[in-house]
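One chain, chain A, links the two complexes that follow: it is found with chain B in the first and with chain C in the second.
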Partner chain A sequence: MAGETVARGFGLGRPGRRASIEVVWTVFKARLRIISRYRGAILLESFIPIFFAGLPIFLGIAVAGSEEQAAQNFFDNTQLAGQGTNEYRLYVLLGSSTFMVVSLMLWLIGYWVRREQETGTLESLYLSPAKRLHILTGVTSYTLVRSLSAFGIALAIGSLVFGVNPLSGNILAALGFLALGLPALWGISFLFGAFVMRIKEANAVIQLVQWILAFLMGVYFPVTMFPPVLRGFAMAFPPTLMNDAVRSTLLNISSIYGPWYVVLALMFMAAWIVPLLGYEAFTVMERRIKRDQGVGQF
Partner chain B sequence: MAEPIIRIERLSKTYMSKERKKGAKGKKAVHALKDVSLDIEDGEVFGLLGPNGAGKTTLIKCLTTLLIPTSGRAWVNGYDVLAEEERVRASIGCMLMGDRGLYWKLTGRENLDFFGALYHVPRAPRRKRLQDLIALLKLDDFVDRTVETYSAGQRMIVAFAKSLIHDAPILFLDEPTVTMDVPTARDLRHIVKELHAQGKTILYTTHLMHEAEELCNRVAIIDHGEIIALGTPSDLKSSIAREDVVSLEGVFSDASIGRLRAVQGIRNVAVATESGGRTKLEVLCENSRAILPKIIEAAMGDGATIEFIRSSEPTLEDVFIAKTGRTLSVDTRVLGEREARPRGR
Partner chain C sequence: MSKKVLVEYSRYPLNFLAIFGQVFIIILLFVMSTFAFSAPGGGSGSDVSAFAGMMTYGFVTSMFMSFTLWEVGFSIRQEQVRGTLESLYLSPTNQFSNLLSRIFAVLAWTALVCVGGIALVSGLVGGLPATNVLRGLGILVLSVSGFLGMGFLFAGVTIKLKESAQLLVSGLQFFFFIFSAQFFPFSVLPAPILDYVSRWLPVSYAVDLFRTTLVGRPPELLPNDVVLEYVIVALFGVLSPVLGYLGYKTIERRARRAGTLGEY
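On to the complex of A and B.
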């Protein structure tokens, strides 16, 4: 409520639900517009998972001696994890494409925060009355579209390159699991954004996190192959859950987490808890920065 | 009586600054604001003057909710800057970072539309406002080009337009004319006067004394985090005891100079330069405005001619010197260089 001084209103500003939706849409549109002005960016990054998948596929063949032997070895090892599949090329391609979605979302948020800090636009955003949640929703929606585009293109081109069929499993269920995994990714990206805002560095963190992410997510192999403590840690990591759910559905193999309803319940839980934790961490960090030198310091 | 629209009560801000001296790391408390209290009245143009590092930007950042003060309270447009941040931000238009704060890969028009939406301006009035601003600020020639192609001055004027997009009742303008060319800066000052006439409250920081004198109803001089002078520019100037200097150029006889020296209120008459029969006289007096007719009368006669007269009164710079013993412009430059932070990598 206004007090202590006179109040002269908000000028042309009309806060409300419609204005909030407009903020999300405007931020989303602006991000897409900006990336569209960097020619080829989306198409080029779609090739990353193909190379990322190509490395272990050819390494597997080289070590095993032949494609058949590589497939048999992979079947034997995944059988131990209760997943038994000899479709190692599709297994790795799906893993690296899902990894691309996770990695891009963190990557884009991290770079977004850092770049806005450097160019002064972060301070401009903080000067506006738009809620942080709405701005972040706009940005994460953009990162979602961008990473899902990369996922789709990578999967399509990768399937042609490696001669695999990703459409043999339950596509709708896999897309459902992918969608259900996204809120948790948003939560992690809020956390990551807060961290970048605090340490004022994106490159080194992204480089490190990328490898940790690939390792923990079980991009190339089931994480049940890890020693117990590391396995527990990896399985508690929401992107591992999403990766396994999507992959096991498309490959028609069992999930390392158990029956589908357990996977679904775990994903629902992660979809609620992780975004709340991530946003809370973001706001705590934001207040800490505002108490210190402000968001504009870089 | 005018009512305050911005109220600041005992606001303090202390930063913990990292220090690296001879390899040893440490933290040092920097008191950027010390117990500042101030009321800014509804509809006034209020100037905040001071050298770099004086605390101007910290004060503005606290008022615009970018920083949380260490202690004290402030209200903007009736809203508490700590408890009602979004309402405070909805009430203000800001130009704080010069030409920074724009998206370089978007056009000027797209930037303005983007920030209009972030300030919750509905689509139809936003479009109209955008057109009005383009016309008012003469942006037509470049508004549809991406910002990366703009000159520094063009970026500044679009940043200024951004601060006006939601037509807020209060404006915070931090050195808005820096990097602008002379005609553009003059146009901007003209617009600031128009905005003032429309009833906007404007908090204007500048190190250009003529800008402050031209635009501001009241000014505060801030130094080392404290307000050391506050009042109208004329009150502040008359508050310091200083002699005026009236320069006369022309042809003067010794008798003219003798008559000048006899005028009451004139302390001294110095012959500054003489060349080709022309003389420049520096007349030191107490109140040049009051005794200027007597000076002219005394100087004339005996074939004397006056070709040029200039009276120099105390400036706000003199007020700063009188209060601190330092020059504002020199201080700004030296401190600015010393405290400049490295930008980017």
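On to the complex of A and C.
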């Protein structure tokens, strides 16, 4: 009892379970409160996938010469790549909405460390007795709410703008695949966070990574259109798996990975392995930086 | 001031490499997208080359616009976040040079990146049309001057919008990608969008004139009145920086009066 009192008195106590839940809740609430001051940001991020989908649609019509021909050519080319759909508007809208979820995850989790560094609050967070995992859980929960809201709004408005029906497929299964894909995204975000911590000024790198993501995820076309080596690499990338699972379910087309149970197994595997690897990479990098110059330097 | 920006950039060389890489990835993404929509047999060589020219030269204007918006506009936001904006305003430096200093390095780098991008597409499609190169460069200079004005105004908007500014840049980029038809010909846009949005944007005329001059075709927006299209682009190049800077000063003065300049 005396030992505990002394330890707590000197600030050596670790928060219990209830306090840890409060840490998660406080971080989550703080993030929501900050973003609620910038409502325009939420509105804009819901419109970006629509613009992002509009680009290949107009480009496709320009290449094909007419809307009908664009649909026919898209069907022919995607069929050769193992899918086959003439619903090219919904195809790219789903791709770009899923891309927005991935992109927001990277920005909000991966760039979180950098943001705290820039605002000078990272060292204070490290000095607090809260565990980093709980702080990160708060950040990821907030990211989840924000990215899923953007996904839902973009899909709803985008469907109206492009005149497509996203509800023709199995919505529940698609939402399930989306949820199952999120842990892998968290893992990649932690990995990315470690990378950002290392290189520091990362704006251009994040933008580069976003375009690489859009490229590898097959936002506009099935990745089976890539040459063999690039195709293998893209298919091993968890966001590609998530994108394909959601899209093939909603469009009622075959997945490039095979039958649904293969997709499900791969998603479970990614949801299990990638977060562990990502968090491990994050802690290793964190330890190394703390040992070298300290986390506050930027 | 430019030296300070250059020193800052030199500390993060990976950023420069990332910008270079980004351009190639964007080009590859859109080239692959055109494959998804092209007839399995493919079109004739000259058609492919002209279409690639329209897309690539439009892309060049989009690159200059994006980098101007990001570097001029968004760097103000960075100063806000780092807490150095108020110090900069308290120093005896000229406010205009503060804004202008942010562009030299990035313009030079964007020009290099664009040359690389043009070379890549040219290699992929077996050569791009390049007629009236000098006139095209003149139009590009006027367009970049016009984009700078937009960048100045956006810097002011950033002071006001704060966190939302980042998404606004991305939103604006995509807005102009589509409504100024930077990646495809204007003929693809539905008539109401073309008449009620695209034709009201000076950026559309800059994009149209630059790429049709290089491809050697009449402009799409005003094919029967090319002179007027030149006049619009020239006015955009001359007036936009002046109006943009005035807009920036107005917002900045208000922020200083309200004491919110350094707030983020």
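Throughout what follows, the second predicted complex is superposed on the first by the 282 of 298 C-alpha atoms of A that agree within 3 Å, B and C clash if a C-alpha of one lies under 4 Å from a C-alpha of the other, contacts with A are read in each partner's own complex, and residues count from 1 in each chain.
What we mean here is this: a contact is a pair of C-beta atoms (placed from the backbone, for glycine too) under 8 Å apart; a residue touches a chain by one contact, two chains touch by 3 or more.
Everything numeric in this text was worked out from a predicted model, so none of it was measured.
Novice: Once chain A of both complexes is superposed, is A:Arg37 in touch with chain B (first), chain C (second), both, or neither?
Specialist: Both chain B and chain C are touched by A:Arg37.
Novice: If you stack the two complexes on chain A, which partner ends up touching A:Arg287: first (chain B), second (chain C), both, or neither?
Specialist: A:Arg287 contacts chain B only, not chain C.
Novice: Should A:Glu22 be classified as contacting the first partner (chain B), the second (chain C), both, or neither?
Specialist: first
Novice: According to the stated criteria, A:Phe74 is in contact with first (chain B), second (chain C), both, or neither; which is it?
Specialist: After superposition on chain A, A:Phe74 lies in contact with chain C alone.
Novice: Applying the touch criterion given at the start, work out whether A:Glu118 contacts chain B, chain C, both or neither, answering first, second, both or neither.
Specialist: After superposition on chain A, A:Glu118 lies in contact with both partners, chain B and chain C.
Novice: After superposition on the shared chain, which partner residues are touched by A:Ser128: those of chain B (first), chain C (second), both, or neither?
Specialist: It touches chain B, and chain C stays clear.
Novice: Could you say whether A:Phe221 touches chain B, chain C, both of them, or neither, answering first, second, both or neither?
Specialist: Touch status of A:Phe221: second partner only.
Novice: Share the list of chain A residues that count as touching for chain B in one structure and for chain C in the other.
Specialist: Looking at chain A, the two contact sets intersect at 34, 37-38, 118-120.
Novice: What residues on chain A touch chain C, complex-wise?
Specialist: 34-35, 37-41, 44-45, 47-48, 51-52, 54-56, 58-64, 69-70, 73-74, 76-78, 80, 88, 115, 118-120, 199-205, 207-208, 211-212, 214-215, 219-221, 225-226
Novice: Using the touch rule from the top, collect the residues of chain A that touch chain B in their complex.
Specialist: Touching chain B: residues 2-16, 18-19, 22-23, 25-27, 30, 33-34, 37-38, 118-121, 123-131, 135, 287, 290-298 of chain A.
Novice: Could you list, by residue number, the parts of chain C that touch chain A in their complex?
Specialist: It is residues 11-12, 14-16, 18-19, 21-22, 25-26, 28-30, 32-40, 51, 55, 81-83, 161-164, 166-168, 170-171, 174-175, 177-178, 181, 183-185, 187-189 of chain C that touch chain A.
Novice: Quick one: in the complex, what on chain B touches chain A?
Specialist: Per the stated touch rule, the residues are 3-7, 15-16, 42, 61, 64-68, 75-80, 86-87, 89-94, 96-97, 100-106, 110, 113-115, 117-123, 125-126, 129, 146, 162, 165-170, 201, 341, 343-344.
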